[in-house]
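Labels run A, B and C following the written order; every chain starts at residue 1.
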Amino acid sequence: MTQRVAIVDFVQTKHGEALEENVRELTFGVVRKLLDRVDMDRSEIGTMISSSADYWQGTSCSNSYYYDAAGGNLKSGSKVTEDSVFALIYGMMRILSGHHRTALVVGVTKCSECPSENTLTNLAADPFFHRPVGLNTVVAEALQARMYLDQYGPSEEQIARVVVKNMSNAERNPYSHRGGKFSIGEILSSSMMAAPLRCMDVPSTSDGACALLLADEHTARQLTDKPVFIHGIGWSVDHTYIGDRDLLNGALPKAAEMAYSRAGVKNPSKEIDVVELSDVTSFHEIMWMEQLGLCDAGNGFRLVEQGVTALDGRLPVNPSGGLFGANPFVARGLIRVGEACLQLRGEAGDHQVPRVNKALAHSVHGLGGQSHSVVILGN
Amino acid sequence: MAVKSRIVKGFISLPYNWSMGPTTTRFYEEFKNKRIMGTRCEKCNRVLIPARSFCSGCFVETTNWVQVSDEGTIRTWVLINFSYEGQPMAPPYITGIIDLDGADVGLPHFVGGVELDDLETVAKKVRIGGRVKAVWKENREGHILDIDYFKPIN
Amino acid sequence: MAQAVAIVGTGQTECGRRTDVSYPELVYEAVSRAFDDAGLVPDDIEAVVAGSMPPAMEGVNNPHLYWADAMGAGGKPLIRTATCGSTGISLAHTGFYHVASGMFDLVLVVGAEKMYEGDPQGTMATVADPFFQRPFLAGAPGIFSLQSNEWAHRYGIEEKRVRMAAAQLSVRNHDDALLNPYAHIRIKITVDDVLNSRIIAYPVRLLDVCPASDGACAVIMASERMAKKLGRPTAWIKGVGYCGEQAFFSEGDKVVWQSAINAAKSAYSQAGITNPRKDLDLAEVYNPFTFQEMLFYECFGFCDFGHGCDLVEQGVVMRGGDLPCDPSGGTLCTNPIGATGLQRVSEVVLHVTEKAGDRQIPGAKTGLAHAMGGLDQFNGIMIISSVL
C-alpha cells in the first residue's frame, strides 16, 4: 500500500442487555457523537459503509432501516454484512482508490430483539446436512474445544482463567455490558452447556453499536493529533462443510499471514503490544492466540496461567474484556478495532496497557470460525 | 411525557422449498437402503460426503459414486445441555463429527446409545478416536435423520 | 488515483425455476462459466466478493459461507455485500474497489438468488421497519405503484399515454428476452396483452412486473497490469456511483429522485460523460416495473423531467434506437435479485466486448449498468467501456 489510511476517531455505545433505543437511534447516537468529537459536519463525510445482519435485526435489508440514521442520506455507501471488520476493510479500500478522503464505518446489532445466537446460527447451517443435526456456533465451538482438550490437555482451571481475566478487565471498561470479579471455582461450578463448554465459558450476546472515521493520512492529520494507522489487514474463509475442515487450523492462520505480510510484521509475538480478539469462548481466546502465531500451538493456556496475557502482562489480550465484556454480534469485530485504537492513543482509561506501539484486532463469524479477519494497527 | 421504551412482540414465519439437486437427492435416496454414498473427485481422489456434484478444491464435477462405510471414528464430540428455538431434540444429547471409513471428510451427526447421566462415565464411552456405527431408523424417508445416531462399538 | 479496473470474464446461469440444482450448485454454474470465459482457474483468484438478498429469501443465514466452496473461495479473502435490490451493483462496486485500491489484481464477484425456494414478497415486506411502515408498503409492487402515480400526476402525463408507453416497454423487453438465452420469461406478447393483463397494484399490471427468478451471475475483475497480461477481450470500468436515502419512504422526493440523480452524476463525472444520451451506446436500466424505467430515463439525464414517455414513443430506447435500453430483456423478464445488478454489468460487458450474440447492439462501445434497492432508497450505477 503506497497510501496510508488512518482511523481518526472511534465511538461506541455503553453496551447492554436490552438497550432502550431502537436500531436507528443507537446508530444515530454513535455517529452524532463521532462527528461532534472530530468537529465535522455530516456534509464533509466522503462515504458511509455499515455492517449489520438482517436475521440479527428482524428487518430484511437491514441497512435500509438506518442508512440515513448512520449519516448516509444522499451519500455514497454500502453495507457489508456478518462481520463489521469487513466494513473497515471496504472503507479503507474506498479511500485507497482515491475516490473518497473520509469513510464513516458503522456497526450495529441489538441481540435482545432477535432470536438467540443458537437459533440464528443454526439457520446458517445448510438445510440438508448440518442444520437437521443442530449445528450452530456454540455446538461447532464445543466440537473444536473438545479437539483442543484432547490434543493439548489443558486443565479446566487453566481454561477458566481466560474468563476470570476478561471479566475482570471488563469491569474496568466503562462501555462493557458485563464484568466483575469471579473465582475459578465460580466458573467451574457453572452448569455444563455444551461439554466441555460451561455456561460461563461462552459470552452471551449484547446490544451495541459503534462508529469509526477513516481518512487518508493527510486528512487524518488535519482532523486529529492522534491518528491510528492501519498497517495491514487480512481476511480468509474456510470450506463450507465443517467435516471438510481442519478444525484446529482453519482460516485464521491465512488471515493472519495476509495481515502480517502487509504490515511487515515478522515476529508477531515480539512486535505486537496488545491484542483485542473475538473470544467466542474461553477456549477460543487461547486457540485464536495460537493460530495468530502469538505463541506456539498448545502453549496458549500456559501463557494465560503465567499472566502473560493479563492487563499488566507482556502481551495483554482483551484488556477491554473482549466478548465477555460485550458481544453485540455483528458490531463486535469493529469494537475490537476501536478498543485497539484507544490503546494506541492512550485513551483506554482504567484498562489502558502501557507502551503500545502496535496492536492487533481480530474478528470472526461462521460455524467453527469459518471466516476470520485480522487488523494490524499502529501510530 | 417521560415513558419507558415499549417492547413490541414480532414473529416472522416464512415457508421455504429447498432444491437439493439430483446429487444430494440420490445421496439421501440411498439412505433408504442404509447406504452412505460419496462422490470421488478424479483429480484429488478424495471421497466426499455428502455426495456432491463438484469438488471445491479442484473445481471440477464429481460424478463417480462410491459407497462408504456406516462405521467410523469420532473426530470430536460435544455433550449438548442447553436449549434453543429450532433445536433438533430436547437436551441432553451428543453431537460429533464422524470420520466414516472410506470417506475423506467428516460427517456431523449425533452420538447415542449412551447413558448421559454422568459426564465422567460418558467421556469414557464417547471419546476422540472411538469407533462408532450408524443406527438406522426403521422408517427411512431419505433424510439425514434416517440415521438415528452413531453408537459407540467395542 | 484509482487503479484502472477491467472486467475479463462473465458467467451467467439460465434463469427461471431452477429446481434441478441446489443453491450452491447454481452458484457453481455461474462461477465455472466465468472461469471458462476468462480462461482462468480458481487458484488464480486473489479475493472473492459475494452477496444476495436478505437471507430470509432462501432461509439460509450467511449465504456467502454456504457458497464458499461453490465459488472456489476456500482459503481466500471473502466479503459479503448486501444492499437489497441494489446488491448486484453494490457487489460490482465492492469488487471494483478491491482492485481500484491497489490491493488485488484478480477478484471474483458473485451474486445469486433462488427465489422459488422462499416467499419473495413475504421477505420483501419485512424490509420496511416494523413500527411505522411495514403494514402499508405491500412488497415491491405497492411501493412502485405509489411512485409511478405520483410521477404521472406531477407532470400531468395522461394516464392513457403512460399506460401505452409502459405497454410498449413491456413488449420490447419480452421481445429482447427471446434473444437472451439466460432470460427467464421468454414469451411473445402484444401491447394488448399488457393492457389487458390483471392489475397487480394499480396502475401496475401483471405484464408490467418482473418475475421472481432463480439465477446466478459471476464477474471476474482485474487490474490493468493483469488484464494486459491475460490479453483477452476486456471491458473497462470507467465510473461508479451510488447513493442512498432516508428510511422513511414518504420523506424523500421519489419523482425528482435524488439518489438516482446523484448516482448517475458521480459515475458520469468519473467517466467523463457530459451528454449521456450521446455518449452512451446502451443502458441496462434496472426495470422491475415498466413505469419506473421511464422515471430513470429522466433521473439519468437521457431526457428532461416529465419526458420519459417521449423516449419510448420516439423509439429512442428501443433496439435500433439512439440509446437502446435493456437489450437483454432486462429485469422485467429476469430477476434473481441478488444477481440482477451483476447481470446488468455482465450484459454491458458482453456488448462492449462484442460477445452478446443475437442480442448484440452493433458497435456498442460504452454502456451504463444500474440497479436500485431498499424502499426506493438506493441507486447504483457503473459505466463500462471497451476503451481504457
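A few notes on this one:
To be clear about the criterion, a contact is a pair of C-beta atoms (placed from the backbone, for glycine too) under 8 Å apart; a residue touches a chain by one contact, two chains touch by 3 or more.
Remember, it's a predicted structure, so these values are computed and weren't measured experimentally.
If you draw each protein chain as a dot and join the dots that touch, every dot ends up joined to every other dot.
Across the assembly, the chain pair joined by the most C-beta contact pairs is A-C. Per-chain Cα centroids separate chain A from chain C by 33 Å.
Between chain A and chain B, the centres computed from C-alpha atoms are 30 Å apart. Chain geometry summary: the mean Cα position of chain B and that of chain C are 38 Å apart. Shared contact sites, meaning residues of chain C that touch two or more other chains, fall at 22, 56, 59, 68-70, 74, 123, 126, 130-131. Counting partner chains per residue, chain B shows two or more touched chains at residues 10, 12, 16, 18, 20, 24, 56.
Along chain A, residues 22, 58, 123, 127-128, 239-241, 244 each make contact with two or more other chains. Per the touch definition, chain C reaches chain A in the complex via residues 1-3, 22, 24, 48, 51, 53-57, 59-62, 64-70, 73-84, 90, 93-94, 97-98, 100-103, 123-124, 126-127, 129-131, 240-247, 258-259, 262-263, 266, 270, 373-375, 377-378.
Across the interface of their complex, chain C is touched by residues 1-2, 22, 24, 48, 53-55, 58-69, 72-82, 86, 89-90, 92-94, 96-99, 120-121, 123-124, 126-128, 234-241, 244, 251, 254-255, 258, 365-367, 370-371 of chain A. Across the complex, chain B is touched by residues 18, 20-22, 58, 115-116, 118-119, 122-123, 127-130, 132-136, 138-139, 142-147, 150, 191-197, 199, 239-244, 247 of chain A. Residues 18-23, 25, 28, 32, 35, 41-42, 56, 58-59, 68-70, 72, 74, 114, 116-119, 122-123, 126, 130-131 of chain C are the ones touching chain B in the complex.
Residues of chain B touching chain A in their complex: 4-5, 7, 10, 12, 16, 18, 20, 24, 28, 48-50, 56, 75-82, 84-89, 95-97, 99, 105-110, 119, 122, 127-128, 143-145.
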